[in-house]
Every structure is written in C-alpha cells, then in structure tokens.
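Below are two complexes that have subunit A in common, paired first with subunit B and then with subunit C.
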Partner chain A sequence: MSDQYPQLVLPEAALREWLGRLLASYRLVGPVADTEAVTSYRPIGPESMLRLDGPRPTVSPKPHLLPQTETLFAFQGSGPALALAPATPDATPTVVFGVRPCDARALRRLDDVFLGRNELDIHYEGRRRATVVVGVACAMPSWGCFCTSVGGSPTGTEGLDLLLTDLGDRYHVAVLTPAGRELAATAGMVEATVDDAEAVRVRHAEAAARMPALFDLEAAVRNVRWEAPLWAQVAKRCLACGACSYLCPTCHCFDIQDETTFEGGVRFRCWDTCQFSEFTRMGAGHNPRPTQTERARQRVSHKFRYLVDEFGRAGCTGCGRCVERCPVNVDIRAILQAFAEEGR
Partner chain B sequence: MRALEQAMRDKARELLASGQVRLVLGYEAGSVPFRTAPAFIEAPADAERLVWNPFCTNNLAVYLPAAVGAGRVAVMAKGCDARSIVTLIQEHQVPRERVVILGVPCTGMAETARLAGADGSLHGIAVTWDGDGTLGLRDADGERSVAVRDVLQERCRLCEHNTPALTDEMLGEAAPPMPGAAEPFAAVKALASRPVEERRAYWRAQVERCIRCYACRAACPACYCRTCFMDKAAPRWASKANTADESWMFHAGRAFHLAGRCVECGECERVCPMGIPISALNRMLDREVRERFGYTAGLDPDGVAPLGTFRPEDPDPAGSEER
Partner chain C sequence: MTEDRSLYVPNVAVIDGIAQETWDTKTFRAVFTDAGLRDTFTYHPGQFQEVSVFGVGEATFCLASTPTRAGYVEFSAKRVGAVTSALHELDEGDVVGIRGPYGNWFPHEEMKGKRLLFVGGGIGMAPLRSLLNFCLDRRSDYGHIDIFYGARTPGDLCYTEEFEAWRNAPDVNLYLAVDKGDEQWKGYVGVIPRYVREVAPKAENAVAITCGPPVMIKFTLPELQQLGFTDEQIITTLEMKMKCGVGKCGRCNIGHTYVCLDGPVFTYAQIRKLPAEF
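So, the complex of A and B:
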C-alpha cells in the first residue's frame, strides 16, 4: 500500500460508535451471517454483528449496486392513452462497509460497463455515486481465492474509499479518497504512528505471502480462443446452473421482462446468465449458443477476452466464489492455468 | 477401499476395451484435495484417472439421460446414485439396457467445511486418506487426523441405502449401515411439530435468500424436465423477478414435483450457495408418501410410483365424481 495516503488509527472499541454515527446519515450495508456457513452484505442496524474477519463473505456486495431485480418503469393504459412512469434512480447515501479488495475492484469492473464510455446506466449511476466503499484487508484467503493471479491483492485499494486493516486492538485506516476522508472525519481517529504503519506493512506482507500467483494472466488472455478443445471438456461436466455467474462480483448480464395486469404493468430487469440455455434462445426457437460448449466459452471469453478488448481489464478479480460453489468442481483457475501454459 | 478404486479402474478398462459401453461415469481427482470431479472415461487408458475417496460427493445419475442417447454407459453408483438410476429407469428416461450399474458400497462422504482449522479456511490444506475411515489433514494449525464418520455430510449420516439397491455388478462387499439410518426423519419431524406460523416464518426466511441460480435443480437427477415450469414463457407460471413469493413458489413447486420420486441424495442442498435447507422439504414429503402409500422411491425399477399412477378406485376427496 502506498504511503501517499493519510493513515489513521481507530481503536477496535470505537468501531461500533463510528458505525452508529454513520447510521445517522447513511444507509449502512455490511457483512452479516445469514447462517453458520453463509455470509452476505445486508442493511445493518446499531445492533448488527458484522463479520469483518475470516475468509471473504459468501456473497459479494454486488446486489447493492446491481440488484437482482430492478424496476425500470411502470406503464398504464394502451395506445394513445399509454402513460409511462420511469422509476427514479435510488440515490440514498450508502456506506458499504467491510468490502474485500477483490469485491471493491469488481465494482470498478461494473463501473466500466455501466458508467463506461459506451452507455451510462442511470439506475446504476444513482446508486454508485451515492455509495462510499469502506474496505477491510483480507488476512485469510478462502480456498478458491486467486486475486493475485489476476492483478489484485488481498490488501489492494482499487475501488475503495477507505481501507481498514485489523491490527488486533485497533484498525489501521488508509484514507484513499475525499469521500473516505469525509467518512473518517466522523470517527475521531488519530494519526497512525510509525509503529502502526510498520505493523500494517507486516500484516499486508503476510497476507500477500499467503497468496502466490498461480498463472501468468497475460499469457492466459493471449491464449483464450474460440476453437479451444477445453470448452467441450468443461461443458461435459457443467450442469448449466447459474451459481458461478450469480455469485460473481463482476458478472452483470441481465434480462428485461414485463409484468402485466389488465390495466398496465412494470418493465423490470433481472440478473440472467450465459450459462442458462434460455439466455440466447430467440423467440422463434433458434439458439446461437446451442450447447453448453458455447456457453462455457462465453463466460470465460467474456471475462478474459471481450472485456479486455473493450476496457483493457479482465472481468475477474479472483474472488474464487465460482471455484468454491461450482457443484461439479469446474475451477476457472485450472482453465486459465491451462491456457497460460499452452505453447510454452 | 483402495481395492475398490482398483476394481473401478479394472472394470472400466474392461468394459471400454470390449466395447460393452462407450462411456464410464465415475470420479477423478478434483482441483483441490478435498474435492473430486465427475469423470467421463471414454478410452480404456483413461480408466487410470478414476478415484474413490470420501469426496466422491456428486450424484452421477444426473448425467445419464443425456449420456445414454449416444450408447451404453456404465456408472459408478453409490447407494444414492443407484436409487436415482432406478427412478430414471422407472420413468422411462434411461432404458435399462443402456446402463451398466456398477455398485459402490458407500460409507459416506465428508463435509468439507468441517475439515477447516481454527481460522475457518480450507486454503492450502493438505488432505490424505488412509483408504479406510481416517483423513489426515495438514494446514496452519499443524497435522491432525479426523475420522470420516465424525465429519459425515448429514445426508450420508441419515442414508438408509448406502449399499446400492439395484446393480449389474457390485464392486466390493456391502457396506455397514450408516449411523443415522434408523431415524432419517427425526429432524423433519421436529420441524413439522412446530406451529404453522412459526414454520411459515422459518421457510420465508430461508427462501428469501434464494438467488435463483437453480443449482439445486441442475444437480438433481430427478429434475429432468426439458423446460422447467419456472422457465416457461407461455404460459408463464412464475416471474423472473426474484421475490420471496416467487422463490417460495419455486421451492414448493419443485418439492411437490419430487414427492415420491426424491431419493434424498441431498445434492440440491449440498450445491445451494445460500445454505437453504432444501432437503428438509423433500424429506417431509417423502415421509408423507411412505406413510400414506407405503412406498419408498428408487428401490424397484418395476415399482408403481404412487403419484405417477391413476386408479379409478383412488379416494377422491375433491369430490369430482359427484359433479
């Protein structure tokens, strides 16, 4: 982490008070336990128990920026009497707290798409501009993690306004943006000492040491190609569920549907995935991606070819959720490794 | 149990080399030491890839309806896989002569999350298996050993048919009964005894988490509908909007479709990323079917499925006869 940012310290005991103060001005979203084994980002209150340590949460904060289901507009009547009522973008000031560096980077990848040079999505923009992202450095990787293989770091700052690092009895706080500074100012934090800075350096080095890179990303990106025999091998095993895409912090494809009554209805968008056969099935029945082979190719190529071509960055931050939650052990790390090692 | 792995490889090689089958479905090493992956063995030489250990967790029957289209297939079938195959044969999804059931006596699969050390992570863990009942683990906490029976997946602990009910050939001796087999319904009985409002709230909270990834449906060998009612566009039974009501409709609808057909392999629950206790719904209905019809799914390919059968003398509480 660069030393160019202001570095502060927050006593562990003062964290709850700070969160309480934030709650007065912001909607606060943080990682809480849904069950023993499942952790998600949920709106939190003064009494919520946050899960800031341990491996990263089961679900990323993506649903708070790109909800699974979102109304675009409502309509009433028909013909000349048709009335449209666009949904107002939600711009409630929000703090997403306890975001892991992989998930914060993933928000930047969503920004590429929804705030990108091609289109500006007003619904995403409304939420995104009203959101401050407070990160927490990852001390303990989960078994599918591979952030360092795709250019990230367990202590990376991309996409974050603040980065907290747990130092036991206190948090080190790196102030990364003006929005982060404003947030930190509400907490009564003190300047970090030289010892604090050194303690953080050690923690970050330890975290990085636990995460050696597994493959050469550039080589993998270079070799991912249309005719690879690997797609059919993956497809054989793949059950065509959406667990990988729906848990992915960067997957962002959606469907648009109408829900109607006699009088009117709403048009909404909802998550969809290239892994479902219906995703590309046309009204008349033709499907340009007729088998799981084309669908397997699509998910990997979208992340590691098309998004790279479009934005210069891969659409994967190595959170490893797809790796861990695949019912049949399709491991994208092994796929990328195979491509990276081709022609060596 | 090492002998079992060898028997799997030998049998696969023999069946492929003699042309008796075109494909053998089994398990191969996964990307980490506590997972295996479904293996599709087509060449005799590839039989060496087959493995057997307490991580052979997938129900391979899910691949059969598509796989048998291209020829005869042999399957390494644990008790649950075999019951699923019976159901598929019974329901005319898999012709009996197209499948060679290689029975695998199963002593249960390990719940991987329970292998994690004090830090709660499986990152970097090394796992060895002694070929019998013990796993050796090595991670940041040091070395330790764990008895498989102490870290069993719940579905395996409750399994009543860990020795396959229908096989063409058994690859090994029958396995001893699983520890919870005598009382498979204890947990659902307790759940069912709670007041209806409490149960409604419980299930509401569970399905609210559903992200509609349909991993449960995809992993289920009995969910083979070409178009699921949830995906049907005309008529549209359910909305693609993810609300708790729609998710409840999905989970309840799926449970009803599986009544008298579910073999409690528990794959739906294992693959659910959101930890929804899906199996409890299925087990609840299984209990009903067993009590009311005296029928247990997946044991007899010639059995008559109670909810897939019409008899004129069936009781008709809806009273349509009098209309």
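So, the complex of A and C:
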C-alpha cells in the first residue's frame, strides 16, 4: 500500500450516496447479479443493486475497454465521391466500480498492446484515459481462480485507482493514484484509524490464505516450449469454441471486417481468437497453424512466453474464467503446473 | 500522422491503371486523392500496406512499386479470396483504401556497392520488383545485377512489359525460366534452382534477395549456399495473414516474432532461428 496517498474509510451506508454522486458526472459500470450464479459488469443507474461481495463476475470488464464489436469508421458513396467518417473515440468519463484485482491487472496487459507497441490505438486510448478503476479486495475466490500463481493477489492494487476492502459495516478505501484521490474526494470519507488498518491487514491475510499458489510461475515460463507433447494432448480435447479467449480479460486479438448497407457501410473490429482455424488461414488456403495443436501452443506460449519477453508480464492474471467455462475442461492451471514441474 | 487520427482509417486512393499480368493476377496503380499526401508519401522497397475495397474488407499487399517513382503506388493481387476478387472487379476511377506503409524493408543502404542477385518466382516477384526498380533508378549505387525469375508457364510471368527495360539496363542480366514452355517460348525451361546452379552467380560481395513459392525457396537455398552465399547474405520476405499491420490484432506472429513489426523482410540467418510455423 502506498504511503503518499490517504487511507480512508467509507461507512457502508454512505456507499449508495457516493455512487449516486458519481452517477452525476460519470458513466458508472459495476458488477450486477444477472442471476444468483451469474454476475456481469454492466452500466448501472440509481436503482441498480451492485454486487460487490459476490463471486468474481462471470464476464470481465474488458468489454467496457475493448468492446466485442466496435466501429472504426463509416463510409458512404463511391468513386471519388466516397466519404469516410472516422468514429469518434468514446471518452465519456467512466468509473468501473468493484473491479477484482485480477481484472484490474488485466487492464495493464491491454495497455501494453494498445497504448504501447508501435502505434497508439486511439479507440482504446479514448476509453482507457477516461476510465477510473475502483477495485474491491476479493473475498470470495471461485474454484478456478489462481491469481497468486501468476504473480497476483486477491488484494493486489496493480491497475487500480482505488481499492475497497469490505470491513462489514464500512469499506476501507486505499487511494492509489491522483485519479483515485479525486474520486474519493466526492464521498464523505474519513481518515482510516489504526484499528481500520489492522482490520484491513487481517482481511487481506485471510484472502491470501484462501489462495495458495499452485505452481512456480518462473519455472513454468522457463519450460513452456515449442515441441512439448502437451499441445497435442490439449488439442485432442479442445473444441475450438474460443470461450477461453472471449472470457479472458487479457486476450486482445481482433479481426477487422466491413458491413454494408444500401448507402454505404462501416468498417468494424471484433474480438477474434487464435483458437479459430480462420485466424491464420491465408487467402490462397495456406494455414501456418493447420491444427488445434499449433493453436493450443500459440495461446499458452503467447501468454507465458512472448508477452513475458516483450513486456515482462505474463498475459494471464489467474482470473480462472477459462478454467471454469471451458466446455471440455481444458485447465490452463494444469498445463502450467505440468511445465513448472518438468525437470524437477 | 497526428495522434487524433485512427490508425485504422485508410487514405483514399483512385485506381488509375490496371495491368492484367496473368490470367489471375493484376497490378493496380493507385493515386491518393489527397494531393498533399500524393506529393509527400514515401516508403521503402519491401514494405507492405493494407489495401481495402470499401464494403468488402482489407488485405495485405507488399508495395510492388518503387519510391523513386513518386506520385503513385502499385501492388499486385492474385485473385484468391474476397478482397482480391473484389479488387479484380475494379475499373480505373474506382477507389480503394490504403493504410501504411508498414513493416521493415530491404536493407538498400547496406546493399550499396554490392552485387545483387534477385531470385523470384511467380507473384513473389512483386516485392523484388520494388527493390529492383529502386536499384535501377539509382543504378550507380549498386554493382552487377542478376535477375532470375521463374513461373510455371510463360503466361504466368508477371511484369513482362518491363523485361526489356531490365534486360537493357547497364550491367544487368535477366534470366527467365518456365517449368513448361509453349510454341513461342525460346528461353530456359526448367526450375529456378537448377538455372541458378548453371549460371553460378558470384557470392563475393553479393546479396541474394529471394521471394516466391516455398518449394522454390527451399531448393534455391542449398544452391546459393553451394555458391558460397552465407545465411546473412540471403534475404527474403515472409507472408502471414494480417489485419491491423501494426502489432495489435495478434495473428501474424511466428513464435516471438511479429511479421508486421519485425518483418516482413528477414535474412535467412534470422529465418533459421524462427520456429517452422509460416
């Protein structure tokens, strides 16, 4: 926890009022229960019931930073009369509230690709720069979670502007950035006491105890290799449905397509995945990744080798969604564990 | 490019020339509608661009023209998929979108003073044509030039209109080959690797630039090595499916290497270090 920023406390009863105040100046997105079992990050209004203490939301906040489908520009007319209308980047001030530390870390991974690496992607940048991220310490891991195995923590602060910790009748609020400080100033928060700090320490220790690391990440990263027989084993099971990528908070790969109307049309991008055969198949038919074996290798190697080498961060935050939602039980934890234990 | 401009919005260009190279391949000449861009646009031989037909989509093409001939860009398209089929339907005066140039390029600065050996096959001649015409426009910067260019049949050879200019340029030899000749064909019949072996161009102070079907490259490499070319002296350009062209969409990587950012031009020494997934 940072020392230069204040540690604050917000009474539980004051949360709703604060959210109401934020709604006046921000688009507010937060975890809402769709059913008892399914929670999603959705735009919320004054009447919405936020679910901060529930299980990790079924879908990550990724769609609010990188929408599943996004118009890049529209075109109209033909020949020399053709006119292009670039899409205006969406810079609506937004607060994403109640983000799990795993999902906040994922935003850093998206930043690496869209704000760094060669050219700036202004569509992502517009939303990202206008977004304040308010996290909530994770008190209820799901069965597929493994954040601590990939360098994270259920109470981690990477990618967050504020971190809330539920202390029962009140929230402890750790301010982490200037944007977070500005946001916290809109609520009637008081300075945290020594007792509050102790209560937070206990909660965080409990959270960490619920989430033991399953494997040695460094060993796994070191051993993930091209010729591993494991790829073919994973491929045998894989249905190539792409659910792992679509639910992944860090998977960023996309396709670009055109859609037409009578008068013109739009060029848009939409999520895509290396798990689809079309992903790399070229016009004349050649496919450098012809089977699911190469595609399984690509997904895991990209996250745990290529991104680590390029940015020093694995493209996985251990949110466990791919583990829980894979229809054939491909378990990336088991894959990494197998690599980590090789040669031991 | 200013920061408020989306990298995905292309520049609009008008098709002002179409050459039917072979039964399935055309070369398009495009001129940007923005007069300022037309005058300032430049690139290097070996770079690629994203070309789009509005309403159909975008595809990746290497620049087949040379920046020494300003005012237009050229690219060659073999009719294979949706975008290339739509391109083939275009007439002069129709518009396309162009993003780029992207990627690295043939190291033409380092090639100065050296002998150049071009080995192209089929439509793989397109990026080589860019570099070749670049070098011919600055002829005194480069040493002796040998051009090997092969195709299945005489009708499959592209850029036939330029053969005379290439052949007549000072200190240039043009070696054309086809797998199967016809009544008019008086040139070499046989595969490129064998032709290279027979002519035996010198490796000393030379660079070999090759692009073509994988089978041609596969059998040409040992011939070049036999002639004394090192892996660093052999340069090629790779093709992968791309969407964004700038390292965001995540599909053109070969292991750690993004073809759009680190390529498409590689030395054979670099290629040997890549996993065999291209």
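Simple rule for what comes next: the second predicted complex is superposed on the first by the 337 of 344 C-alpha atoms of A that agree within 3 Å, B and C clash if a C-alpha of one lies under 4 Å from a C-alpha of the other, contacts with A are read in each partner's own complex, and residues count from 1 in each chain.
In the analysis below, a residue touches a chain if its C-beta (ideal position, glycine included) is under 8 Å from a C-beta of that chain, and two chains touch if they have at least 3 such contacts.
Just so it is clear, the model here is predicted, and its values are computed rather than measured.
Taken together in the superposed arrangement on subunit A, subunit B and subunit C fit without clashing.
Once the two complexes are overlaid on the shared chain, A:68 sits against subunit B while remaining clear of subunit C.
By the touch criterion defined above, A:270 reaches subunit B but does not reach subunit C. In the superposition on chain A, A:210 makes contact with subunit B only, not with subunit C. With both structures placed on the common chain, the touch criterion links A:219 to neither subunit B nor subunit C.
In the superposed model, the angle subtended at the C-alpha centre of subunit A by the C-alpha centres of subunit B and subunit C comes to 90 degrees, rounded to the nearest 10. Of the two partner chains placed by the overlay, only subunit B lies in contact with A:240; subunit C stays clear of it.
By the touch criterion defined above, A:257 lies against subunit B and subunit C together after alignment on the C-alpha atoms of chain A. Once the two complexes are laid over each other on the shared chain, residue contacts for A:113 go to subunit C alone; subunit B is not touched. No C-alpha atom of subunit B lies closer than 8 Å to one of subunit C in the superposed arrangement. Residue overlap on subunit A between the subunit B contacts of one complex and the subunit C contacts of the other covers 255, 257, 272. Per the touch definition, subunit B reaches subunit A in the complex via residues 30-32, 35-38, 40, 58, 62, 113, 119-125, 209, 211-215, 217-219, 231, 239-243, 267, 270-271, 273-275.
The residues of subunit A lying in touch with subunit C in their complex are 72-73, 75, 78-80, 82, 84, 86-87, 89, 113-114, 117-123, 226, 252-258, 260, 264-265, 267, 269, 272, 274, 279-285, 288-289, 294, 298, 301-302, 305-306, 309-310. Those residues of subunit A whose C-beta lies close enough to touch subunit B in the complex are 34-38, 40, 54-55, 58-59, 68-69, 140-143, 145, 210, 236-237, 239-243, 245-247, 255, 257, 259, 268, 270-273, 276, 278, 321, 323, 325, 327-331, 333-334. Taken together, the subunit C residues at the contact with subunit A in this complex read 1, 3-10, 12, 14, 33, 52, 54-59, 78, 80-81, 83-84, 93-95, 97, 239-241, 243-244, 246-251, 253-256, 261, 275, 277-278.
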